[in-house]
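Letters A, B and C name the chains as they come in the text, with residue numbers starting at 1 for each one.
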Amino acid sequence: MGLTLGELADRIGGELQGDPGCVITGVATLQHAGPGSISFLANTSYRKYLPQTAASAVITRPEFAAECPTATIVSTNPYVAYARAAALIVPPAPLRQGRDPSASIGKDCCIDASAWIGPNCIIGDNVHIGAGTQLAGGCFIGRDSRVGNGGYLHANVVICDGVRIGERVIIHPGAVIGSDGFGLANENGQWLKVPQLGGVRIGNDVEIGANTSIDRGALDDTVLEDGVKLDNQIQVAHNVHIGAHTAIAGCVGISGSARIGRHCMIGGGAGIVGHLEIGDHVTVTGMTMVTRSITGPGVYSSGVPAQENSEWNRNYARFRKLDQLARRLQALERRLGAKD
Amino acid sequence: MGLTLGELADRIGGELQGDPGCVITGVATLQHAGPGSISFLANTSYRKYLPQTAASAVITRPEFAAECPTATIVSTNPYVAYARAAALIVPPAPLRQGRDPSASIGKDCCIDASAWIGPNCIIGDNVHIGAGTQLAGGCFIGRDSRVGNGGYLHANVVICDGVRIGERVIIHPGAVIGSDGFGLANENGQWLKVPQLGGVRIGNDVEIGANTSIDRGALDDTVLEDGVKLDNQIQVAHNVHIGAHTAIAGCVGISGSARIGRHCMIGGGAGIVGHLEIGDHVTVTGMTMVTRSITGPGVYSSGVPAQENSEWNRNYARFRKLDQLARRLQALERRLGAKD
Amino acid sequence: MGLTLGELADRIGGELQGDPGCVITGVATLQHAGPGSISFLANTSYRKYLPQTAASAVITRPEFAAECPTATIVSTNPYVAYARAAALIVPPAPLRQGRDPSASIGKDCCIDASAWIGPNCIIGDNVHIGAGTQLAGGCFIGRDSRVGNGGYLHANVVICDGVRIGERVIIHPGAVIGSDGFGLANENGQWLKVPQLGGVRIGNDVEIGANTSIDRGALDDTVLEDGVKLDNQIQVAHNVHIGAHTAIAGCVGISGSARIGRHCMIGGGAGIVGHLEIGDHVTVTGMTMVTRSITGPGVYSSGVPAQENSEWNRNYARFRKLDQLARRLQALERRLGAKD
């Protein structure tokens, strides 16, 4: 079907330079686009592909518009403009309604007629599923849980008992929400399980990646505020609190009762120790370990970039004796009367 | 229904200071407890909430009893005492028996009549499921596997063929036990799969977290001894052996044939190289990489705490040339006749 | 059952030293083998078990043959020879055909009559499943996806829409292929989802570990070339490209649009930053963070080995001020007229 460039520019809020009647039927990268496709340039490392692109139009920033060999939709935030354009040009698969006969539904459930409960889903007692929410298949929802309107649970998602999920929440395959926290009390060298009696509360417009796990609270709830975005393979321990609009990349581990502020960005593979607080607008770069509270906004790091192995080994061998090396330097300074 | 403080103190083994007839109906944190609830103070960082708590009683150590504004159950191990109290006051959901008609059961299985096989479970041939064991739903148990009495397999757990699991083992959603190890032989640059013919043996009172994976052995078995506790998102490779009562936090990766002793604690995100041995009572702190065997008890670390990014970058830039820096110091020392 | 040593040596291509009529019925490690079993010695750290082995035969390198107390199959690549021998002596479970009645199959599917669709599998519309391919149970295959001949999808594998998988691909339980990439555009502090419109293309002879996740591309495809081997708990972000015959150990995270060459080996827990390129034949050791492109072959590291904790703390305290320490050294050098 497609949209004209004129319509598109109107609806995504950009300034069109080019033929408003040109029909766009697809989206593609600069290097693979052909006629009828629109592309975008947001990350400057792809600028090299701009001059040769065969796209019919490109969404980009004002400063790159001149380099563009074709029609342009100019936007100060071309990635946002592209996201909107893509959603218009390639609409998602139509929603389904009702329930597959193989689904197993508990007692006292309140499932909106416009929701879709796919094959082999298992719904416990007293579950609420909101309007339009889609459960793809093989999902498990424990008793007393609630999924708001407009949600999408992909295949094999597990929601344990007593989990509250807001509106328009997307959960990718294999994610687990509400599993028991790792609560153990040590008695004479053996571990006693501490009952995990809290729940999980997830706000609106949250997205949770594939095979990510979010534990229920020990007593109070684990909380993800509105607009939190979690990538794949993330571990969120019991009683973690993640502030609104914080985005966390893959393979991050967050220990129990850590409190992360709003509008934070946590890089892939980072680890956050428990019982600490990270303020708003904090960025933690990849593979960093946060061991103390961080109050202000700012960027924090400890991920160690790779070196050629033999060079690394030499440096690391010195690191193993760094304290001694520092003392040797101190000794020299003392001898020479330098200030410490 | 609730218990009186007198009963509770008796059953959890603490000394009551206060009214033994006071009825307790719930558990809560110090800061959120109300009348009728019991709370606890184990981690001193929560001591600040003690004076204002509205709990009817608090379980705590002798030294904090005087500060407590309400009845107290005094215990030398308040976290253990609390764990027992919580299990008494908030009993788990009642066990189910029988099998959901949607479950698929293989030939020659021995499933105790008191076990529960939930919806859409798939049980292979010659499987044994012990008394009272619960399979929540969507679980897969491969042929020739055995789950002992009193177990709990949460939703979508996968147990592959020939896995032996002891008594009272809890496995959280999405965990995989007995997948093939990463056994590959390189022939002229291409990888040939090495058949993974061992099994997995899991002792009694083991708990395994959500989305954790434990590979089967290549020839001998992968082994978790009694009382091992694994958090979420852990990778246990083929032929790993984990000693009794060792606890491992989330996101840890353990490479093939590593042998971990008893009563160890492995912090979140740690990595353990293969074919090495860690003795009993070893603690490995978060995000540490263990590359050599560790014999004695002790604490081992290499996780690097975060710094403000620009400071980190300056330090890291020096680290990249640390060997050279050490040589420069040595040169100065030589010139000045200092002892190396 | 069993094979004679003579047959075995012929079929795996090794030189037999010993009785060709000896019948082999099992495989075992050097330390646990008994009569009738064949064992192997490839990793020299197990050489200590060779003199006492009770195996009927051992596959090993020429230089260890003399030490072997029993029959030997001599091979320059004993691990490869062993892999072939094990596959011959312990053949895999027989393949199944057809479909379990509980499987849910979409419209316009092309499922080969020799494939097996196990219990509770969910197959979307327009799916192709090749000859002999096995879906163990609880698997989900989204619409328009294709799994080639001779594949094996273990329990609870999720393949999302529009994923192309080649021949003889093995996918372990809980793996997710084709979930949405972590594509987010920031607009005034809130995250807007960027539609993920690419697919995933997986070549022939690929193996993917338990609970590993591979995201679909944002526009172009995420690609795994032939012979790629992924261990468990790995995260492959959108538009990653992994070259043929590259092997990646557990818990690795690969960020978006990273391009990894052929014949690479990536150690466990490593992290690879997005939008960079790693050439062919590169080895990255465990827990290393790759932050820049690596052109040539070679070995790269930044994983920090563990030290005893108090020693580590002393060294780390110095590291936190390493830049200052380097400046102090510089100052001394200047004072003494040393060359910088």
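Just so it is clear, a residue touches a chain if its C-beta (ideal position, glycine included) is under 8 Å from a C-beta of that chain, and two chains touch if they have at least 3 such contacts.
Just so you know, these numbers come straight off a predicted model, no measurement behind them.
A.B. asks: Through what angle, to the nearest 5 degrees, does chain A rotate to match chain C on its C-alpha atoms?
C.D. replies: Value: 120 degrees, nearest 5.
A.B. asks: Can we say the copies chain B and chain C touch using the same residue numbers, with more than half in common, or are the two sides different?
C.D. replies: Because under half of the interface numbers appear in both copies, chain C and chain B meet with different residues.
A.B. asks: From the mean C-alpha coordinate of chain B to that of chain C, what's the distance rounded to whole Å?
C.D. replies: Averaging C-alpha atoms per chain gives centres 25 Å apart.
A.B. asks: Provide the list of chain C residues touching at least two other chains, using ranges where the numbers run on.
C.D. replies: Touching at least two other chains: 102, 120, 138, 156, 174, 211, 233, 251, 304-305, 307, 319, 322, 325, 329, 332, 336.
A.B. asks: What residues of chain B sit close enough to touch chain A in their complex?
C.D. replies: Going through chain B, the ones touching chain A are 27-29, 32, 42-43, 45, 77, 79-80, 82-84, 86-87, 90, 92-93, 100, 102, 118-120, 136-138, 154-156, 170, 172-174, 207, 209-211, 227, 229, 231-233, 245, 247, 249-251, 263, 268-269, 286-287, 303-310, 312-313, 316, 319-323, 325-326, 329, 332-333, 336, 338.
A.B. asks: Quick one: which bits of chain A touch chain B in the complex? Just the residue numbers, please.
C.D. replies: Touching chain B from chain A are residues 102, 104, 120, 122, 138, 140, 142-143, 156, 158, 160-161, 174, 176, 179-180, 182-187, 189-195, 197, 211-213, 215, 219-220, 233-235, 237, 251, 253, 255, 271, 273, 275, 283-285, 288-292, 294, 298-302, 304-305, 307, 311, 314-315, 317-319, 322, 325, 328-329, 331-332, 335-336.
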